[in-house]
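Below is one structure. I have some questions about it.
Every chain is named by a letter (A, B, C, D, E and F) in the order it is written, and numbering of its residues begins at 1.
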Amino acid sequence: MVKMVVIPLFFIAALLCSPSSRAADFCVGDLKGPTSPAGYSCKDPAKVTVDDFVYSGLAAVGNTSNLIKASVAPAFAAQFPGLNGLGISVARLDLAPGGVIPFHTHPAGNEVLIVLQGVICAGFVDTANKVYLKTLNKGDVMIFPTGLLHFQVNGGGSLATAIVSFSSSQPGLQLLDYVLFANDLPSLLVEKTTFLDDAQVKKLKGALGGTN
Amino acid sequence: MVKMVVIPLFFIAALLCSPSSRAADFCVGDLKGPTSPAGYSCKDPAKVTVDDFVYSGLAAVGNTSNLIKASVAPAFAAQFPGLNGLGISVARLDLAPGGVIPFHTHPAGNEVLIVLQGVICAGFVDTANKVYLKTLNKGDVMIFPTGLLHFQVNGGGSLATAIVSFSSSQPGLQLLDYVLFANDLPSLLVEKTTFLDDAQVKKLKGALGGTN
Amino acid sequence: MVKMVVIPLFFIAALLCSPSSRAADFCVGDLKGPTSPAGYSCKDPAKVTVDDFVYSGLAAVGNTSNLIKASVAPAFAAQFPGLNGLGISVARLDLAPGGVIPFHTHPAGNEVLIVLQGVICAGFVDTANKVYLKTLNKGDVMIFPTGLLHFQVNGGGSLATAIVSFSSSQPGLQLLDYVLFANDLPSLLVEKTTFLDDAQVKKLKGALGGTN
Amino acid sequence: MVKMVVIPLFFIAALLCSPSSRAADFCVGDLKGPTSPAGYSCKDPAKVTVDDFVYSGLAAVGNTSNLIKASVAPAFAAQFPGLNGLGISVARLDLAPGGVIPFHTHPAGNEVLIVLQGVICAGFVDTANKVYLKTLNKGDVMIFPTGLLHFQVNGGGSLATAIVSFSSSQPGLQLLDYVLFANDLPSLLVEKTTFLDDAQVKKLKGALGGTN
Amino acid sequence: MVKMVVIPLFFIAALLCSPSSRAADFCVGDLKGPTSPAGYSCKDPAKVTVDDFVYSGLAAVGNTSNLIKASVAPAFAAQFPGLNGLGISVARLDLAPGGVIPFHTHPAGNEVLIVLQGVICAGFVDTANKVYLKTLNKGDVMIFPTGLLHFQVNGGGSLATAIVSFSSSQPGLQLLDYVLFANDLPSLLVEKTTFLDDAQVKKLKGALGGTN
Amino acid sequence: MVKMVVIPLFFIAALLCSPSSRAADFCVGDLKGPTSPAGYSCKDPAKVTVDDFVYSGLAAVGNTSNLIKASVAPAFAAQFPGLNGLGISVARLDLAPGGVIPFHTHPAGNEVLIVLQGVICAGFVDTANKVYLKTLNKGDVMIFPTGLLHFQVNGGGSLATAIVSFSSSQPGLQLLDYVLFANDLPSLLVEKTTFLDDAQVKKLKGALGGTN
């Protein structure tokens, strides 16, 4: 019996074992290769192992000993190349008491947040300028549509942790305060395009390392 | 000053406040309306509230008092209509000691799993028939590419819980045993197309409620 | 000769004249029908005329007699339903001397701006917080990638006009000042998530009609 | 044993049997419902049967008793609604001796042709104006990229038949001669935009039923 | 006259003849170059000829002298690089009397099958576990939605041949028996995740060359 | 205060400053690198400057001293690599009195035209062979759906200029007359596949430089 069945094994194997067939299942990112609008180049499938699909960088609580008392640990394609081209990525948020993930957007990727512990007050604003605000407890899930400004704040007295998923392997992250105050965008332009006062702009530019 | 600034408010508001502009930010599913290849119809934006973007159905441990000693709680567009059209969804897995999520595929959607507690032994097989197998601990993340057969087994002595994300708001779930043994697909066809023995097929058909 | 050739006319016409064949060429939006994640429902092709593909709403200079001394006239799918589903839209910007389109994003859609008259100083910031700033003259074209905060300012002494195109029929528009100061988002939350001072937040909330 | 295994059946079935889960597998077109840029509305999954996925309209040789001595039988979403939203469709071509499918394009959809019998001379021209011309025999496969003008001519002395597939469920078909000569586009405009002579335009307008 | 018209030839040719313009029409796969999530690199357009768009590998009847009495000849991007990036591919199936294409899935790509000769009994199961089963005769067309387990069996007494098309240039193929029995996935894991008996698993592992 | 706030700067900067995070915002085309079905390779983000996003090639009136008395200046990804992968591009049309952009298609990309000066008579034909014809004045906008044959003619007595946008960074351009008369496609094939007279074909082949 074995001998007979071995025949189709070799027959069909010709189809199954071509490297290109395997490449289509996934495209583990080769961070050193050329990139395209679709993402990183694919690592040679023959060298891909299960470890390309496993990531342990989200296991530990992040360091929240900073001003925002918060930590973001991304597992995007740049950190976890197995996600390259798959249209999905994840990250871990830790917010110490009083911690905050300031107003920000993800230019490319809807976000889904799941609270693992603690209480998180989260909100976003849509393009009709309507506010969506909610206090989330352990196990609650909340959606933040792509490109909309949103934030998360620790709403309790203990560490709050969340896992966030994105509908992109490279969703990006643009922090509002960094855009306005932590680069060389001239203060006058910031003021003209935000209506903020000169003193306010210069104060935050000073604090966040911005120049001009 | 206030009076002057109020002018652009009304000016720009004409652009911002059109319902159609809001519809483009998201498309909360109207499960009663017509569906299209892109998903459910959109709920009237004027009636959308923050609660359309929040879901609490994953908060509790699932009931694992069943043969597979496991539970799957999906938050797909059908359960959580806020996800409609966003290209992302999530689910919660609970595996009691000895629990197993049997071999299955998601026809449309790459999967990313994060272990919240316990130990999970997970694996998938690619189209070149190569096996990717890993024992995952708390905080570990693992990828399962779309359409490939995979499984998760409790690899420890206590409850294991995981959150899984998908790159689709309706990834689907096809359990291998259900396909083969829990419907009216004739036993002879199952045997001919799987090479399983007649006795094996009939035993599992009996157990899983299949006929013919 | 005529008679002979008429035969294939009727023959092939059966294929060509089906309404569904026409629907696939385009999908003029029916703003009253159900919407889906892919956009508006399609207007009955039998009722579509050339006027569904022509729009005159961008012909006139916009009213810039307002605080920002600027005007935005969109031709998105909501205003120009012929664009529905086509992945493209346009708008007209007019900036009087001193005029400004304040910091904003388009959640879904890359933007290409062409200066028709005058001088425009434009800029955007990427997710690595790098600033891209340029003074544009008549005929210059500039790109603003999707989801990134950007602005346009009149950089000369006369009216500046530009046409902008987007890679989406519903790109959306989120004005930073409106998100922060023109709704009911509590001042305390704004301050906590932006690091702006309380006085600054309240001043702009007052000016832009925000509450709380 | 049976009794024990029945438990997971009911447990998991809650997930599997929701109609919305089924809708995501496919979206059989409801030709009477609203359409969207993504295609037809979906037929109620509860009413879908295997017959929605089977089509017999390509089985017979087409009628080639016409001037072009050829026949095209499409199985696009309009004829075969099971294809709706699946990004694929097929058609059957029959060319009697001397038969020709005149110059045409498919606005949305790459084409792959397989010769079932006879000899077909086929060609397309790319946007660099390079000609790709080939005589195809039984079993040969040829690609025609989307939107490029192409044709097929019977290259032998017997009936030639081919199956063509498209990367769209609604690829469309635009026959060059019909665009130019079989509608009410004024002859003067045709001449000005094609450089064809007035007599030539009027001769073919007459033959194909065009007016003006 | 000739001289006058030659002027626009050179004028417009500047636009038409740029290699990049040609690259956008198609992207013939360079199997030796880097791959991306979108497929293979593009062959230099200057070296592309009509032969890159023609494939003769499906012309001959496949060898069915094997246990499954069947043959699959793919024309995917790996075999037919002209298909790279076009979202479509084809294959030829031959089933001798008694032949079977065992249960399998295509992880990425809807399938459309056309019977060229003989009788084929085909079926698939959806995620609601409903069976779709049909006996197909010459000329019949059947759809198999992406990612769903399906099979084809010769339903007559003579050779059956079919052409299948896919909505992907690299649809992949995962044979159920190979996943379970033809690799080094431990028998204990197979049994635990399929509920198959140990003897059954070991029998098929032996037959198909699986270890462990 | 400054010192305290500097802490999160460094903390969050680790996430923001990775080159891969920047690559995802955009993918400026490297015209010398490998291409993929998704477009050109990405230029090293570290070397990208604002000038990669600015293009001045559309500022001047084109040379209309040619037979068609018209000029097309494209700003596609090949001319303006900043557009690579962004799904949008633009071009400038100039038509002297009597000027014409002859019948043509864009194989990949919907088009939106805005008249900047003069009068343009434009038209397209859909796959049901219906004609859409309009005289456009300054400021008017018109849509031309992807893949459909269309044209633009100067409808007034002075220079007409338009900006066109496309829903693709490489929409392509196929001029009907060039396909038929300006290459080596044999006259006999042109005649057979267009029904044009031999004399007409040879006259235009002569004029446009076609051979055979």
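We take it that a residue touches a chain if its C-beta (ideal position, glycine included) is under 8 Å from a C-beta of that chain, and two chains touch if they have at least 3 such contacts.
Values in this document were obtained by computation on a predicted structure and should not be read as measured data.
Novice: Which chains lie in contact with each of chain E and chain F?
Specialist: The shared contacts of chain E and chain F, listed by label, come to A, D.
Novice: Compute the shortest path length in steps from chain C to chain D over the network of touching chains.
Specialist: When the steps are counted carefully, the minimum from chain C to chain D is 1.
Novice: Relative to chain E, which chain's C-alpha centre is the most remote?
Specialist: Ranked by distance of C-alpha centres from chain E, the top chain is C.
Novice: Measure off the straight-line distance from the CA centroid of chain A to the CA centroid of chain B, and report it in whole Å.
Specialist: Each chain reduced to its C-alpha mean, chain A and chain B end up 20 Å apart.
Novice: Between chain C and chain E, what is the gap in Å from one C-alpha centre to the other?
Specialist: 41
Novice: So, what's the distance in Å between the C-alpha centres of chain E and chain A?
Specialist: Averaging C-alpha atoms per chain gives centres 34 Å apart.
Novice: Please tell me the distance, in whole Å, between the geometric centres of chain B and chain E computed from their C-alpha atoms.
Specialist: Those two chain centres are 27 Å apart.
Novice: Using the touch definition from the top, which residues of chain E touch two or more other chains?
Specialist: If we look for residues of chain E contacting two or more partner chains, we find 5, 16, 18, 21, 24-25, 34, 36-38, 40, 86, 107-108, 126-127, 129-130, 133, 145-146, 148, 172-173, 175, 178, 182, 195, 207.
Novice: Can you name every pair of chains that touch?
Specialist: The list of touching pairs comes to A-B, A-C, A-E, A-F, B-C, B-D, B-E, C-D, C-F, D-E, D-F, E-F.
Novice: Quick one: which bits of chain F touch chain C in the complex? Just the residue numbers, please.
Specialist: Residues in contact with chain C: 5, 16-19, 21-22, 24-26, 45, 49-51, 53-60, 75, 80, 82-83, 86-90, 110, 112, 114, 116, 126-130, 132-134, 136-146, 148, 163, 165-167, 195.
Novice: Along chain F, where are the residues that touch chain A in the complex?
Specialist: Those residues of chain F that touch chain A are 1-2, 4-9, 11-12, 15-16, 18, 20-21, 23-25, 27, 30, 33-34, 36-42, 84-86.
Novice: Applying the document's contact rule, which stretches of chain C touch chain A when the two form their complex?
Specialist: It is residues 100, 102-103, 105-108, 121, 123, 125-127, 129-131, 133, 145-149, 151, 153, 172-180, 182-185, 189, 192-197, 200, 203-204, 207 of chain C that touch chain A.
Novice: Which residues of chain F touch chain E once you look at their complex with the stated criterion?
Specialist: Those in contact with chain E are residues 31, 34-38, 40, 63, 65-68, 71-72, 74, 76-78, 107-108, 168, 170-173, 175, 178, 182, 206-209.
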